[in-house]
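Here chain A shows up in two complexes: once beside chain B, once beside chain C.
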Partner chain A sequence: MTTAKNQTVARAPAAPTTRSPLTSALLNRRLWLGVLGWTLALVIFFPIFWMIVTGFKTEAEAIADPSLIFSPTLENYAEVQSRAGYAKFALNSVVVAFGSTLLALLIAIPAAYSMAFLPTKRTKGTLLWMLSTKMLPPVGVLVPIYLLFRDTGLLDTRTGLVIVYTLMNLPIVVWMLYTFFKDMPKDILEAGRMDGAGTLQEVIYLLLPLTLPGIASTGLLAVILSWNEAFWSLNLTSSQAAPLTAYIASFSSPEGLFWAKLSAASTMAIAPILIFGWLTQKQMVRGLTFGAVK
Partner chain B sequence: MKLSRVLPIAGLAAVGATVANAETITVATVNNNDMVVMQSLTDAFEQSHPDIKLDWVVLEENVLRQRLTTDIATGGGQFDVMTIGTYEVPIWAERSWLTPLDNLPEDYQVDDLLKSVRDGLSYDDTLQALPFYAESSMMYYRKDLFDEAGITMPDQPTWEEVREWAGKLHDADQEQYGICLRGKPGWGENMALVSTMVNSFGGRWFDMDWQPQIDSPAWQEAVSFYVDLLDNFGPPGASSNGFNENLALFSRGNCAMWVDATSAAGKLFDADQSSVADKLGFAPAPVAKTPKGSHWLWSWALAIPASSDSKDAARQFITWATSKDYISLVGEREGWTSVPPGTRTSTYENPNYQESAPFAGFVLDAIQGADPTDSTLEPSPYTGVQFVGIPEFQSIGTQVGQMVAAALTGETSVEQALQSSQRATERTMKRAGYLD
Partner chain C sequence: MATLELKQITKSFDDTHVIKGVDLEVNDREFVVFVGPSGCGKSTLMRMIAGLESATSGDILIDGARMNEVGPADRGLAMVFQSYALYPHMTVEDNMGFSMRLAGVSKDKRREKVLEAAKILQLEPLLDRKPKALSGGQRQRVAIGRAIVRNPSIFLFDEPLSNLDAALRVQMRIELARLHEELDATMIYVTHDQIEAMTMADKIVVLQSGEVEQVGSPMELYHHPRNRFVAGFIGSPKMNFIDVELVSSDAEGVTIKLPGGETRQVPIDGAAHASGGALELGVRPEHLVLDEQGPMEGRIQVLERLGGQTSLYVQMGDNLLTIMADGDVAYRVNDSVRFGFSSDRAHLFDADGLSLAKLHRHPLAGLRRQDNRAPSDTVDQ
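What follows is the complex of A and B.
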């Protein structure tokens, strides 16, 4: 689809001069934007592409001069699978990523509602303060959190990771929901209230359905952030609750060749979230541009 | 145990019952070849010890080091067996973080462990960790190139000779480099090699009053020699090459000489992994002014943190994984070049090993000849050949490593690099209370 469109655009400048200069300038701009977009997309995608390709090479090929010509092998996948059970790590990732996202949304929706519709003079300050907690490098609070987790028995548990990820994502989730809610016309909520809706009904029947794309894209972002988080997941888990980031980390080594196996493990680790993101990209884009086009 | 995941639900109850009695111990280790083999032998251990089940946490060395330090310093108790190195053992033992390993069973044969390795893992004359494998450093060279050029390798090469040979054998157009050496910054990377060079050039990290000696003439000479050698006869981009990169270069036939860990010998000698297996020559690490400290000593060892709840089970596991029987098991299953080297005299007396690993003699000599308590020409207050056994050294070593790498890329001069290293180290040592 897109290629076909691009080709039409690409032919445009050579077309006879029946078009006004204005349209041709516009087409020209679109052409350049298209080229720029594709180049950017390729540049961004290239490392992922290379990782997937490397996963099908032998270790010797993986470190040899870069080449796209080789006979693909599945031996890395077999080796990786025989050394560590993928399913356990993947299940932990799913539980932790979706669990923390749900919990964050549960807390953030009421918070963002009150900030958007019933602001006080401290709301702006509170929002900024919440964001400022993201400015501290996580390693700064590693020891206190480790001690808290040790004493509450949360080390190496999925519950522990869900709590940390929820807290980690909460500022961003609240901020995003706050901007989506703020863009919603207040009159609709007022009309609902006139018809006798209470706060809860107002939220469930009016606010949530109307801002669903925004909530969905916020949720997706939180899932992706939790899925890819590698500091806390490595430091707070050992064997039981370790998610896919720990799985990847176990294939890196300062001694011996490991690039092909590491690439195979990484491909398996990002595959679920990549597919999930691909399936939901419509919601994602709709949510991210939601409010921007009004 | 993996079975239980695929067993139908009906079978789960029965499996559950046996698991309930088993004690699970969590073993943290690095992703090096010998450890991967150990992990693959989990079944063998669980069969001979039905009441113990193993859970593995495998991480990259630096991640593991941070992870373990956090856990052991806070008494988190997440691990029952930790894989640690010669550097950590005395530091952690001093803080009573490790379980001392006295009264080891008779059949473990403690005396069979190589003395220098055992000493490196002891604190107050008590073993604190059991050696899984140990390594020193040595020189690998290409026999075919040496023969062609009419060079004979002496019993003990010197750095000056190495430089001369590198010049003769260097042919950058053919991607054949005179010498490959570590350049990637890090206390366990470039500084492991540079420290041994400094030792052999007559230098030391600290004098007896803990005053840093990095701006001394010996350092100047050693580091200038290193930079000059790699600049002229090394591969391009040497400052990003660590053990792995050099291993790849050498096994593809791009290096005429390489000075690095003895643990590379098995890999280079394996024709499946290396194209130079049949042209491989071995020699001791080169020396300059003194043989003292000219080759390093490192071992990966298994220790039991004091915070473990399953010390007995953990002890059974580490004595199994470092035993003579384990070494034979690996030899039979994986081939004798794959056995964890450098820990036991009996390994080197084993005819199977001698036959399949012609480099064994060099490795044994190198390990036995390394003395962490006496590795510098002038006296020094620390233990360790290629490191200084104090907690501050990780950051000092890495910082100096970065400056040396900067000198290698030509970003600064050697003199400047060493002066800033000296100043930075003085600052760290003052802050840590070693200096007034």
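What follows is the complex of A and C.
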């Protein structure tokens, strides 16, 4: 007892001096974290940067020793434009990405609502099972899906791609919405029910406005995943419904590898989603950390 | 006009029986408080009345009509939640008018009714604010306002004051009592705070483990608790329990032997109990009296001076007793004190914890809350 008392008395004047090493340690930590973060970000960004740069080189420069000193040219873009109709592919991408996202949200909102607010003993199991389907390699179901599409006339149609993308994203969309809905205080919905709201009114007037950030970020993620999807679009479309991923691929096979043109095409393919992602970044982060900061 | 009747209501979640056959009658314009420790099922019972939870069996009757299958909005009730449960994305006015908006009431009519309720609750300057810009007490008032505009036959309050600080709680308690007078509606109120129950209720329903322990007016429960649980739960500080032995009983009451060996007679009917049997004497802290000639003795463990009163915590054998004494008592910790008790305020409990009936009914036991008012008061209000 007395020793403890003495210790605190003895330590009291030393306190201010111990603070400065502590803050400098903290600063150091932040510095290193900053360096690490930037390094990681640059590593991730480098291929994209290199692709954009390569798009402005001539074919000869593109396969020569890597160099940042070259005279930029737009000839790749001109040629790519003249050869394949970028607009058609881009339109397909937009329709398919947004269409599948809308459809997925339309199915997932009621599903997540029932799982979050009316759970049964099997809800957790169902959720896990849904997620487990994402672990199946898509190529495993390629043949059955291809045959189904062939027999139902869905091959090379936007409808077909919308269906596949919806199914592909549904588990993640349901999971995310489920966690957002779970965060919603139940009392508010019950107050709504006391005020006379039916299930549909409850969802429209209370649940959706209050979980909008979460729903938006879920939708954005689904759009991005659908936009970037290549496996199904390459296998299930040829010309009519082919999105931008097929557009990029079309530059690699028929005429051998033309790196500069391929890069130009890729840049044009990812540009819309990159800009879209940039603009919605704030919303995305807010949605993804929605539950964490509450 | 609104009466509520519960008939043999039960509620089970899988194998857990939360409510075990509750019968209850709530009269028109009554202020009924459900009180009990946490987990006693009082909130579940209220949620069943509200229609947010279905009853496993039994009937819920409002004005004589069975309501079990009727949705929450159509029962003519309004509920104030513990968490307020305001709609965070709507202004105060929209919060209060939401039920009317759902019912398709025109905007002007809505505004009129909201203003009317806002006036009662002094919310007029806040109508354009969102809930996050309000203080706890203001939010609480908005939640009550949302209930008022629905013009319900019965108000339900689920621990509405437990999120407020002590001072605000007292203020809101008074405001709620005033509101009850003003609206003249039936109100059911859930709380774990026995002071809220005592101060506001016309009728208190004490619940424990899903069963009703006793129903009665606050003074009835205070003076004539049916069992040891109610005796201990109602009243603050808690009632003291002392093991005693029954010596004899006659028409004048029961003679008991106290721990020190002395005997005392209390005006309680002990005819059903054999002499020599073990009983428990219950005396409230305010009814234990410091007395040099008193029959019991103990040592002061803790002494809390509140100014007007002093709480003495006195060790007697295995029991730590609480005595409410005068503010100026000169005792100190570790002093030995002798004390007695006012025998007509004493309670006796048998081995099952049931009260032995008192010979005389307390004159205030039948008092209703309205009886506290002078007749002229009611006319003015």
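Assume the second predicted complex is superposed on the first by the 270 of 294 C-alpha atoms of A that agree within 3 Å, B and C clash if a C-alpha of one lies under 4 Å from a C-alpha of the other, contacts with A are read in each partner's own complex, and residues count from 1 in each chain.
The working rule: contacts are C-beta pairs under 8 Å (C-beta built on N, C-alpha and C of every residue); 3 or more make two chains touch, one makes a residue touch a chain.
Not measured: the values here are computed from a predicted model.
Three-chain overlay on chain A, with chain B and chain C fitting side by side and no clash. When both complexes are overlaid on chain A, the residue A:F258 reaches chain B alone and has no touch with chain C. Of the two partner chains placed by the overlay, only chain C lies in contact with A:G196; chain B stays clear of it. In the overlay built on the shared chain, the residue A:S238 is in contact with chain B alone; chain C does not reach it. In the superposition on chain A, no contact is made by A:I107 with either chain B or chain C. After superposition on the shared chain, chain A has more residues touched by B, the comparison being chain B against chain C. Looking at the shared chain after the overlay, A:V94 reaches neither chain B nor chain C. Judged by the touch definition given at the top, the superposed model places A:I188 against chain C, while chain B stays out of reach. Put simply, chain B and chain C get as close as 47 Å, counting only Cα atoms, in the superposed view.
Comparing the two interfaces of chain A, the one with chain B and the one with chain C have no residue in common. Residue ranges of chain C in contact with chain A, taken from their complex: 50, 52, 71-74, 77-79, 81-83, 85-89, 98-99, 102-103, 146, 150. Only residues 60, 63-64, 82-85, 87, 142-143, 146-147, 150, 155-156, 234-235, 238-240, 242, 246, 249-258 of chain A touch chain B when the two sit together in their complex.
By the touch criterion stated above, chain B contacts chain A in their complex at residues 2, 5, 26, 28, 30-33, 36, 39-40, 55-63, 66-67, 70-71, 73-79, 188, 242-244, 247-248, 252, 261, 263, 267, 273. If you check the complex, the residues on chain A that touch chain C are 185, 187-188, 190-197, 201, 205-206, 209-210.
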